[in-house]
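Structure, as structure tokens:
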Amino acid sequence: MDKNSDKRTDGRKPEELRPISARVGIIRKADGSAMFRIGDTIAYAAVYGPRELYPKFMQDPTKGILRCRYNMMPFSGSGDRVRPGPSRRSTEISLVTEKALLPVLNLEEFPNAVLDVFIDLPQTDAGTRCAGICAASMALADAGIFMRDMVSAVAVGMVNGRLLADLSYEEESTEGEVSDMPVAFTPKTGELTLLQLDGGVTKTELIKALELGRKVCREIYSVQKATLKEKYSGESGEED
Amino acid sequence: MGLLVKDKDIVVPGEDLAIGMDYLPSYGTFREGDGIVAAKLGLVSVEGRVIRLIPLSGKYLPKRDDTIIGRVVDVTFSGWRVDINSAYSAMLSLKDATSDFIARGSDLTRYFTFGDHIVTKIINVTSQNLVDLTMKGVGLRKLDEGRILAVNPYKVPRIIGKQGSMVGMVKDATNCRITVGQNGVVWVQGEPENELRAVAAIRKIESESHISGLTDRIKAFLEKGNSKE
Amino acid sequence: MMNRTRSHMLKFFEKGMRFDGRKLDEFREVSVEYGISKNAEGSARVKFGDTEVMAGIKMSVEKPYPDTPGEGNLMVGVELSPMSSPDFETGPPSSGAVELARVVDRGIRESKAMDTKQLCIEKGVKVWSTAIDIVTINADGNLIDASALAAFAALKEAKMPHYDADAGAVDYKKKTSKPLPLSKVPIAVTVYKVGNYCIVDPTSEEEDVADARLTVTSHGGKINALQKGGNYPLSIEDIEKMVSLSMKKAQELERYL
């Protein structure tokens, strides 16, 4: 990145997101589904349930259970093949995805049952967990699940002292000091449901970054909202 | 102050529907502070001061007195467990299944067995979502051979139509036997060519239910098919 | 189980018709889309009606297998993603996924569609390894044919990455313009037997009531791989009929590549 110019290596402004596109209802077998694309990162999400949970000992009679599974397709990464099956990385991402979605759900609605969210990424650049959360939130809405709000997510970060929204893979792997901060917000209340950080920032930088995250998540939210409305407006419901 | 959306608007979860205390939150909405917020994806319905959402998607929510189509998935010592296309399966107990006297230890598969589809009625839904069924009532029966279609449960009222007018029209035009369960499970039986038309008509109703003039369009669709013969 | 659906379906078959209006030997709408994942060396999406699968190729440099020191390695993996059907679960590959992967693998391997000798860098030491991974997106029947077609489409689209001999590593950022050494186009068409009828490209509803299936992978009139599945036996007469139908339909499917 050129320090003296406002532009980033891919020509974006500091607060500019990569191009976003989204679709809902793309997987017929699922109760709800969505695709969310940001830059070259593509996430598919499918929701099954609420449905009965087996084995029975896993059931909770006071509330339903949310299960998320994040999975990179074996050919989706730059570099080596991703070995199929859970890794430490994917297990952690599955967990934080669950926690990012839980605050908007009311699991007491379906005791003993399970709500399954499956996220698969066919192509990745950067910001895969955030793209997955965006897709999952849309898939949950598509599945008619009771939700207090949507969830919108993006990575914000500091690259050599500059605050940037939606880091690309190139920026993430820049020489020098890079801080990467995936965040998820509930757009209505502006609260955080996902926060992680790798790097090194001051408290002031952190708060600035979070404020930027909240701001750009509103842009993501508008895409999510428009896509959901468009499907049900019937004008493009059967389009493929 | 007041309404922030229009009647029949499509809203997403978390969307503000109204501000102030002039309106009352009902199904699919909740009050937050002095506002009313959407709690799911749906179609806004404003009746007087009451705002509710008409769901557009999601699993069937069992309701007492609904006539539904279920599939027998288990035979237990006290009755049958039935998949009702919902989050939870339902129970059909011996006493609600038949008026016959059934001796302890009888082979219950003589009445209903695995994979059977039945037209049944919900008699009770508990707070823990336990659903009880009965076979005692008009039209409740085990289904003959035919095909089972899954439709969006929220489109069922349009498929049935006012006093059964829509499904009646499809039946008359195609000579098919059709049973529509409130849970979005539809059974169709007819001569192959006719049945294909009936199924196409049901799919058309399902996908175009929100566009006005549905009845006329379905009528034209069915007549076009008839004139071909 | 589901006898009433099955007997009703057979009445349709008797009239040469299926529940969705197709003829017995008719495919659903087939589509092949290339280059769906830019990080893969090659990739494709295949749809048969509502059934959708993705396949991607990843290449690496590895030690050859001891029994084929002068040939590149080939591996096929299938993930029946729980995203694609309520019947699929998370966890290690099911026997169904392993069977599917091996049927696709044998079709490519036995037809010698790829000249793996050309993928040898240093005999007994270094060869190119080709990993074909298939992931199901929406599973509405006929995953075998869709997976085989997607696998081959992805191979066809693939370009070799650059091998930096000095560094002894693959530079994935540098894709060459060199395609994989492919010579033949093996096509898998699975024929399902339901009662006395044979159908191709079943929906999951049709698969559920089928008695047996036979996957025939053929190329240019030669059969390279077979797999009989299902719980019921097949007679030699059945096989003859099913193989003919499969080979006829394979010509039709080849046009999509």
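By written order: A, B and C. Residues from 1 in each chain.
Simple rule for what comes next: a contact is a pair of C-beta atoms (placed from the backbone, for glycine too) under 8 Å apart; a residue touches a chain by one contact, two chains touch by 3 or more.
Just so you know, these numbers come straight off a predicted model, no measurement behind them.
When you average the Cα atoms of each chain and compare centres, the chain farthest from chain B turns out to be C. For chain pairs B-C and A-B, the one joined by more C-beta pairs in contact is A-B. Centre-to-centre spacing of chain A and chain B amounts to 33 Å, using the average Cα coordinate of each chain. For the pair chain B and chain C, the distance between mean C-alpha positions equals 38 Å. Among all residues of chain A, those that touch two or more other chains are 51.
Taken together, the chain A residues at the contact with chain C in this complex read 26-30, 33, 40, 42, 44-46, 48, 51, 69, 71, 73-81, 84-85, 116, 118-120, 122-124. Taken together, the chain A residues at the contact with chain B in this complex read 31-32, 49-52, 61, 104, 110-113, 141-150, 186-188, 224-225, 228-229, 232-234, 237-238. Residues of chain B touching chain C in their complex: 114-117, 143-148, 189, 192-193, 196, 199. Chain contact summary for the complex, chain C toward chain A: residues 36-40, 43, 50, 52, 54, 56-58, 60, 77, 79, 81-86, 90, 92-93, 131, 133, 135, 137-140, 172-173. Residue ranges of chain C in contact with chain B, taken from their complex: 1-5, 7-9, 11-12, 15, 17, 19, 21.
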